[in-house]
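Structures incoming, each one as structure tokens.
Shared between the two complexes below is subunit A, which pairs with subunit B and subunit C, respectively.
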Partner chain A sequence: MTRRLTFNIFRYNPQDPTSVPHTDTYALEEAERMTLYIALTKIREEQDSSLIFDFCCRAGICGACAMVINGRPGLACKTLTKDLPDEITLMPLPVFKLVGDLSVDTGTWFRAMNEKVESWVHSSKKMDPTVQEERMDNALAEEIYELERCVECGCCVAACGTANMRPDFLGATALNRIARFIMDPRDERTEKEYFEIVGTDEGIFGCMGLLACEDVCPKQLPLQDQLGILRRKMGWTAVKQLFGLAK
Partner chain B sequence: METIYTDLLSIGAGLAGERVAVEAAMAGFDTICLSIVPPRRSHSSAAQGGMQASLGNCAMGAGDNPDVHFQDTVKGSDWGCDQEVARMFAETAPIAVREMAFWGIPWNRVVPGKSTYYKGGKQFEKVEAKEKEGLITARDFGGTAKWRTCYTSDGTGHTLLYTMDNKAVETGVKVHDRVEAISLIHDGETCMGAVARCMKTGKLRVYLAKATLIATGGYGRIYRETTNAVINDGSGAIIALDTGIVPIGNPEAIQFHPTGIVPTHILVTEGCRGDGGTLLDVNEQRFMHEYEPTKAELASRDVVSRWMTHHIRQGKGVPSPYGYHLWLDIRHLGEQHIKTKLREVEEICNNFLGVDPITQLIPVRPAQHYTMAGVRTNKDGAAYGLKGLFSAGEAACWDMHGFNRLGGNSLAETIVAGRIVGIKLVEFLKGYEVKFNTEAIKDSVEKDKERIERLIGCKDGKENVYAVRNAMQDELMDKVGIFRNGKDLQSAVDNLQVIYERSKKVGLKSNGIGASPELSLAIKIQGMLRLALCVAHGACVRTESRGCHAREDFPERNDRDWLKRTLATWKEGDTLPTLNYEPVTKLMELPPGDRGYGSTKIIS
Partner chain C sequence: MAIDTTIYVRPQSGISAYLDWLQMLTGAGLILFMWSHMILVASVNLGVGAMNTLAKFFEDYYMAQVGGPMIGITFLLHFALAARKVPFRTEQQSTIWKHSKMLHHKDTWLWMVQAVTAMIILIMGAIHMWTVLTDLPITAQKSAARIQGGFWLVFYLILLPMVELHVGIGFYRIAVKWGFIKRKTRHGFDGFENILTMIFIAIGLITIVRFMLIKV
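This part shows the complex of A and B:
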């Protein structure tokens, strides 16, 4: 028996002066292996061409389609309808600025985050294209990759208690990024320099430890561990700074 | 009208666009990238498997060098590439890989000692040298003589894109995301920038630039079944074609990938077969070794795609509600290997199919995958026809791929071409000033404003934009696909011309205010049809088989008559593209010969 699914979708187009925030309801026959990408695309193309939402790779790689699915932030493309009840409620991610309906502006937010944490290898060396690359232990490369897997979808930010109350909070994604660079021997930043960025209330000390970030991360990044390690490290740096010992 | 001035305007912020932009920014030029998505969502991220560079560090890559990489690339292209470009590419690839390591890529490294690998379902042993420990390693990919594919687990495109965007942030490259260029501003001789639509507000903007780069990726979404992201609808190729001057090189050169999962056609990486995955038929039996005894599953992807389609036509496909498919089997690689080296594949199967690849078979079939075609440029990346216009990456026909791209050469092209074109573009910017012609700017803006008003007001009709697009996709998929023949191709051309007329009557159902996805598609639907006609007409006229262009009625590669590149332009008011031809290469370092796989019939 195919199910008849009911979609309750948040609607608001901030560019349209006649638009007011409301919910629209759409009905759709479920099909085998249907994901929310298939379902929403069908609704837009067959029922309501004004519906705004974002998909890009539709393969869980790019992070474009994060939304709140029955109360929980997640990637719509990797959500199979068979795992959801007959009634599906979709809302845009909180915290981020609304573009329209289910689409939010993650681009501006993440660019600002990347600028704030200076998300790049800080090196005083000059690249010499004629010489062999510097060696790295493969196990370390894989450890770095493990944290590098963040797709900047915004789920951890949307699910974060602090981020929902305080717009200046860096969020788990930024803290994870810093953890990635601390691990990377190519980045020459000192303990003190990392502390400047994350050793604050806007950084690691603003985290309330609710850990919804890890629960909703579609890439299953080890955020709980990384936030714990970072807090300990930054705590030590704070103590060392008291005694003038931090490097 | 909001008008923004910059030295370099890159349309596209994937790997190629950002690499060029970084080069310009490092040289002190003001640089803006337009991107229809936040830059880190670009389709570059989906290239999981890796990038080719002949470092020769790993045991199975011993003795590799740019000469061997060059030969693999030319053979892979079925001698359709520009050999001067392929040579530059092969020489620069190792430098580009090391540069990316320097910028932060956690490349997988050589681990000394014994380890096992699979090829064609059999287990082999290899020993990595102690003195190579910690250098950048490589894996096997289709169509290469050596293991040459550098990788970071199965997220190579992702790490490259993130590191490149990190570099863009560091060097001050500005990215205007959710902005789509909808026409180029030019006076018939010089490109001066682009008119763009903000996809947050719907407002039009003018970008004026000394140099404009098209780096918008491929146009797979004109096909019904494609591995491409939903954004790959050819907007860059369309605005180039719309100039009436800039040609699309080899529009008919479209590659299909053997392993799109059924039904969504999400790609599972070639790394699966490279690591020893096998293809099975309805009887769960291997078949590739019957067609390709030496390379079997590792033959180049056009060859594998064609044999898969052939095998399905022989009645060996697996029936399903979505049509016939085959199986990809990676079970024998083991849980540990799949959960580490092929983690994204495991995730894709679990999340998008409900299949566990450790214990179950993966349903796959070929889907459109890559456009070797693109904006035709010279070896410096400068587009034919307009001064100040450049192109790089999949969007360009540079042309190192000819009629077939090798796995791992696409990611490599993005950063290698990005580097080479970037350096050339900086040279260009240093010695160049442009006069902005306000009349040309005004004409472009007025034209774009008017066509948007006509679409919103349904001034030309009420054709449904999605219905028109679907009709186009069906024609291409069914008649301009893996196997082609004159009768079907002519029928596709005829039908696409009718659909093209329909596309001129499209009118919106919604009000088109703000982000309007319907308007975004409606703005480019006519351009998509023109592009589709370039593909179908180009394929129809090319009466030979070369690389991925496989004509059932002309199975031979015809070097006597067709060792040439198609150049398609579109004159305003025409219903078909104008096709011209040029020799494939000025320098013939490697004379045409046998690829060693695929069809061997050659007319010389």
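This part shows the complex of A and C:
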């Protein structure tokens, strides 16, 4: 029994002055192991060539195809139609700038975020390409890698109530990013310097603990745990600052 | 042209952190208070004498006379602190409402419940505290008479679930926000918290019924 799926897709092209935001409906026969990526490609090839959406890797690695699927942000390439009801509503991610239809510009946002939290190892050591890299404890390397898996798809930001209300909020992805550098022994930033970046209401103390980030993350990053650890860490830094003990 | 020189001063203060600490600590304090409050009030189920003895103990050591107003201040402080996060502008309210409806996400809805119950508790809780603290000492007979009047029965039937929901969700929220509860234990803790809230509402309702039956 093949299902006939109905797709309600948000349409709006800001480049086109005659375009008005609306929803278009498409019908499609479900195929075996069909993902939303396959479905959207089929619609674009067979029904409407003007449909705009982003894709690159088709394997949940690049993070380009994030969209709101029946109300929940997720990756289209990782979402099987068999897990969805007959009627599927697709919207672009909120918070980010709309490129057109389902495509949003996450790049500008993430670039600004990475610059803001200075998302690189801060080291005063001179790199010597002739010697072997410094060794890192394997368990620690794996812990860092666990957070490094973020594909910057933007789902956690789109699902965050705080980020939707307040454009200056850093979001779980940025806080996860900082958590990763705090763990990294090569990064020489002090706790005071980290505090300056995320010890504010735009950072960890703006987080209201709604945990939608944790629940929608397509890579299942341990966001809840990292946010908790970061809040405690920054909380203690503030207390230490009070007594002049923060480094 | 005047230049605002303050923009060059990097605000290196921990103000957000201290306010967040205070919000959590006042919240945790009020949760503990509400649990103790439940013990005092529910003691009436063990007999009018049990409640009166407990109430007299609190009075004899000035816990009601001094502690009462202090709870009142903590209550207002907690409101002021938490209100920093509650949307008061229509634009933000509409954003979070649409967002919650779109997301179908329990914890986001629970936060809405927290925010709405907060506003009701702010008004009703303040009225309740004023009424009780301006009419000390607390006795089972006086409480019973108040509830049997009818108006206060409806009042407490509304306030009770509001407080228990707010306390229950707040307890859960503190635990996940500050990392006491991790991903592994979150859903188990969530279930435990729901049961706890239900038990407290049930005890509260039984206590209200008990007050209705006391001869005054």
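Everything below uses one rule, namely that the second predicted complex is superposed on the first by the 247 of 247 C-alpha atoms of A that agree within 3 Å, B and C clash if a C-alpha of one lies under 4 Å from a C-alpha of the other, contacts with A are read in each partner's own complex, and residues count from 1 in each chain.
Rule of thumb we're sticking to: a contact is a pair of C-beta atoms (placed from the backbone, for glycine too) under 8 Å apart; a residue touches a chain by one contact, two chains touch by 3 or more.
In this text, all values refer to a predicted model and were calculated from it rather than measured experimentally.
**Q** With the two structures overlaid on subunit A, would subunit B and subunit C clash, or do they fit side by side?
**A** fit
**Q** Contacts for A:241 in the overlay, against subunit B (first) and subunit C (second): which applies, first, second, both or neither?
**A** second
**Q** Which partner does A:207 contact after superposing on A: first (subunit B), second (subunit C), both, neither?
**A** It touches subunit C, and subunit B stays clear.
**Q** Counting residues of subunit A touched by each partner, does subunit B or subunit C come out ahead?
**A** Partner with more touched residues of subunit A: B.
**Q** Which holds for A:8: it touches subunit B only (first), subunit C only (second), both, or neither?
**A** Neither partner.
**Q** Tell me the contact category for A:232 with respect to subunit B and subunit C: first, second, both or neither.
**A** second
**Q** Could you tell me how near the closest CA atoms of subunit B and subunit C get once both structures are overlaid on the shared chain, in Å?
**A** 17
**Q** In their complex, what parts of subunit A are in touch with subunit B?
**A** 13-16, 32-33, 35, 37-38, 44-46, 48-52, 54-64, 77-78, 80, 82, 99-100, 103, 105-108, 110-111, 114-115, 118-121, 123, 125, 127, 129, 132-138, 140-142, 144-145, 148-149, 151-152, 184, 186-187
**Q** So in the complex, the part of subunit C that touches subunit A is made up of which residues?
**A** Interface residues on the subunit C side: 10, 12, 14, 16-21, 84-85, 87, 92, 95-96, 99-100, 102-105, 107-108, 111, 173, 176-180, 182-183, 186.
**Q** Inside the complex, what are the residues of subunit B that reach subunit A?
**A** Within the complex, subunit B touches subunit A at residues 37-43, 45-46, 48, 95, 97-99, 101-104, 106-111, 133-137, 152-153, 155, 158-159, 162, 165-167, 169-170, 175, 177-178, 199-202, 229-231, 263-264, 266-267, 321, 340, 344, 347-348, 351-354, 465-466, 508-511, 513-518.
**Q** Which residues of subunit A touch subunit C in their complex?
**A** Its residues touching subunit C are 68, 71-72, 94, 159, 161-162, 164-166, 192, 195-196, 199-201, 203, 205-212, 214-215, 222, 224-225, 227-229, 231-232, 234-235, 237-239, 241-242.
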